[in-house]
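Before any comments, here is the structure.
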Amino acid sequence: MAAAAVTLARRIALSGVLFPRSSPQVWGQAARQPPSLLSTQRRAFSNNKILVELDTSSGVATMKFKSPPVNSLSLDFLTEFCISLEKLENDRACRGLIITSTIPRVFSSGLDIMEMCGKSTEHYAEFWRAVQEMWLRLYGSSMVTVAAVNGSSPAGGCLIALSCDYRIMVENPKYVIGLNEAQLGIVAPFWFKDTFVNAVGHRVAERSLQLGLLHSVPEAHRIGLVDEVVPEEKLQEKAVAVVAQWLALPDHARQLTKTMMRKAVLDHMLAHREEDIQNFVNFISKDSIQKSLSMYMEMLKKKKS
Amino acid sequence: MAAAAVTLARRIALSGVLFPRSSPQVWGQAARQPPSLLSTQRRAFSNNKILVELDTSSGVATMKFKSPPVNSLSLDFLTEFCISLEKLENDRACRGLIITSTIPRVFSSGLDIMEMCGKSTEHYAEFWRAVQEMWLRLYGSSMVTVAAVNGSSPAGGCLIALSCDYRIMVENPKYVIGLNEAQLGIVAPFWFKDTFVNAVGHRVAERSLQLGLLHSVPEAHRIGLVDEVVPEEKLQEKAVAVVAQWLALPDHARQLTKTMMRKAVLDHMLAHREEDIQNFVNFISKDSIQKSLSMYMEMLKKKKS
Amino acid sequence: MAAAAVTLARRIALSGVLFPRSSPQVWGQAARQPPSLLSTQRRAFSNNKILVELDTSSGVATMKFKSPPVNSLSLDFLTEFCISLEKLENDRACRGLIITSTIPRVFSSGLDIMEMCGKSTEHYAEFWRAVQEMWLRLYGSSMVTVAAVNGSSPAGGCLIALSCDYRIMVENPKYVIGLNEAQLGIVAPFWFKDTFVNAVGHRVAERSLQLGLLHSVPEAHRIGLVDEVVPEEKLQEKAVAVVAQWLALPDHARQLTKTMMRKAVLDHMLAHREEDIQNFVNFISKDSIQKSLSMYMEMLKKKKS
């Protein structure tokens, strides 16, 4: 485990985009200025899979997933996600974050099955630690976080949305969202479940998880899985307005309140983190699971061709 | 307590219907076959109070309460219920269970007051252990369980419904459902409460339990105490469809997910089981409680005559 | 802390209205009599800030907040509140309590900022202990408690309503209710949060607390923060009817059920009571907090003049 932790740290370090805590001034301390001056206040950094734009005048960053074909959460994607989050978290100019997708019809398809198939146990452990890290950073973020869900969002994609402070989804009869792990014969980890229960309550979560439901947009709205539904062309505007509403509160009070609400669930995961990795590795290494994932991937390949 | 446990085990053993784990083949391994062949694939066993039918082609059993006048949960009823559940649980041909009533207008009237009145403390303890056992087996069942509530369902009757995975109730202005213990001057045990809170949330449970409310069918639907309301003639069909929906999921993933959702409440009860029995025995043995239960029974007798 | 506890006890004793447990007969044992005889069965006691009337025939007391301008919860107010509650709690003639306001448009404005500004740490500790005491007594009251919310009710005022068994609010587009601490740059204590979550669930509480929302009456009704909305002229009548409904249940069963529902949250606070006082004192003593509270008070003064 320690080795895997080092590996993750190394990946982050090697990626070269890690923003050092000691020099926040490069990004930070931008005074608020009128919108007319904004053109020079946009800064962006991009790696392969995520484009990050920070509007230093409003203090709001936007993360755009741009990893074709379906923004699946590979180890590389997760590493880039964690690095970007840490960078923004340490940047005093950034107080809010909007997460959205540039891929048509997909927000994120969830964990990359390729990372769970035919790899070494070390790889599984490293991958799972990265999934945990992503959630720990996002669910515990001190920024205001809004998911602007402009496409389908199953499993791990749904978790990203659930980990934000607010979820806005585009009304489209083709889009679905939910924790559908059970449909694939796997089980959502307890901290996926805890995050889900915190959003929709115990009963809705119990049924939805057991059936591995992917909810239509109106249904997701009705059960509280998303907070608001808008037409595609209003999404960006709405997300900006919601972040602004949340940023109107004093940061300190809002952050302490958020911590108070989420601490129990975060602490519970941290206390069982290594055990959770071990469980994942044992589960995913089983012949029966490997077999069913292989079949699932074959099916996906055939679909494409 | 140990003696009472032995007594329960003996009752189960003596009943002669216990299905031994070592020979599931008698029931099990029936291959799925088209409906036209089904006639030979229905097997039933019945004791005095519950009729159990298993459709080996679909893997769905139906338990029909048939204990006049009101399917009250006597020690005999509970013992038969636990035996039947264990039998089905151990039968590989059985994956789903529908619970319903053959008595008009009543699903189950709840715990049998006769078992709580003028008996020995040993009897009270044995009775309570059987109530606990019923809940432990049903709430923790690995089968898909659907309550097809075709009549009123107060107190312990409501608990049976709450312990299933899904509740369908017949729309009838005369039917009611709820944990109305407080109306009788008694208190629902903490695990009744926990099961209720898991279904309807803390606030609804707090008010409903304190007022001992028996909810009308539309109200029960509105607060989430039942999941769906249908006309009487659609009940069976709907129940079968719901079980089929849940059985479409891989058993293993669905069962692990169910355990994840219910484990905390089940474990909490198991950790306090003996204490809970002692509390019940102490409470029910009080002169004041015995007196008020006697008066209640007198009242019921007068009503009938 | 021990000293502060003594101080509170002394304040209660010195107030002269403390009703001794040993002589409940002065108030108690009034037999139920028909309404026509009621005129002689009303007894009232009043101090500076709260008028208490007990209708011994129905067993229902009414507490009327009468502390201009806005029923803010000063140390004196809280002390009087706790004394009155204890008095009624020990009075066998009293089984129900309605809490309302005589001040137009305000139920209670919440904690008195004057008590938190420019005072000694001993004073802050004494004040906070009194806030805790108020909640412990009200949330844990064995009486049926109904909040008849006839005006706005922010922060601590909202907590009083949340601590009752039932909340009825007057429909008025100008009235608001909510835990808006975050708006003032402070954080609602964990037991405010727990009480709120028990009423409205985790998700609604998370958003409402982080945004410090003051909800309109229809919105408060929709999210479950109030149970019922009535026109001003129906408030008293409705409150009386609700108390009567709850009092129709056997006291013992209702009280034990209430304890079962609220014990976890009450015990959690009691286990961290001194720590919570220390946290409050440390927080409120900070220069930055004192400064922002002073500014807030200046703003309020200017508003008035």
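Note that the chains take the letters A, B and C in the order they are written out, and that residue 1 is the start of every chain.
Here is the rule we go by: contacts are C-beta pairs under 8 Å (C-beta built on N, C-alpha and C of every residue); 3 or more make two chains touch, one makes a residue touch a chain.
The model shown is predicted, which means the values in this text are computed figures rather than measured ones.
Student: Between chain A and chain B, two copies of one chain sequence, what rotation angle (nearest 5 degrees) aligns their Cα atoms?
Tutor: 120
Student: Does the chain A and chain C pair touch with the same residues on each side or with different residues, judged by whether over half of the numbers are shared?
Tutor: different
Student: Centre to centre, by mean C-alpha position, how many angstrom separate chain A and chain C?
Tutor: One centre to the other, that is 41 Å.
Student: In chain A, what residues contact two or more other chains?
Tutor: Answer for chain A, listing residues that touch two or more other chains: 201.
Student: For the complex, give me every residue of chain C touching chain B.
Tutor: Going by the criterion above, the answer is residues 165-166, 197-201, 224, 227, 245-246, 249-250, 252-254, 256-258, 260-262.
Student: So in the complex, which bits of chain C are touching chain A?
Tutor: Answer in residue numbers: 181-188, 190, 193, 201-203, 205-207, 209-212.
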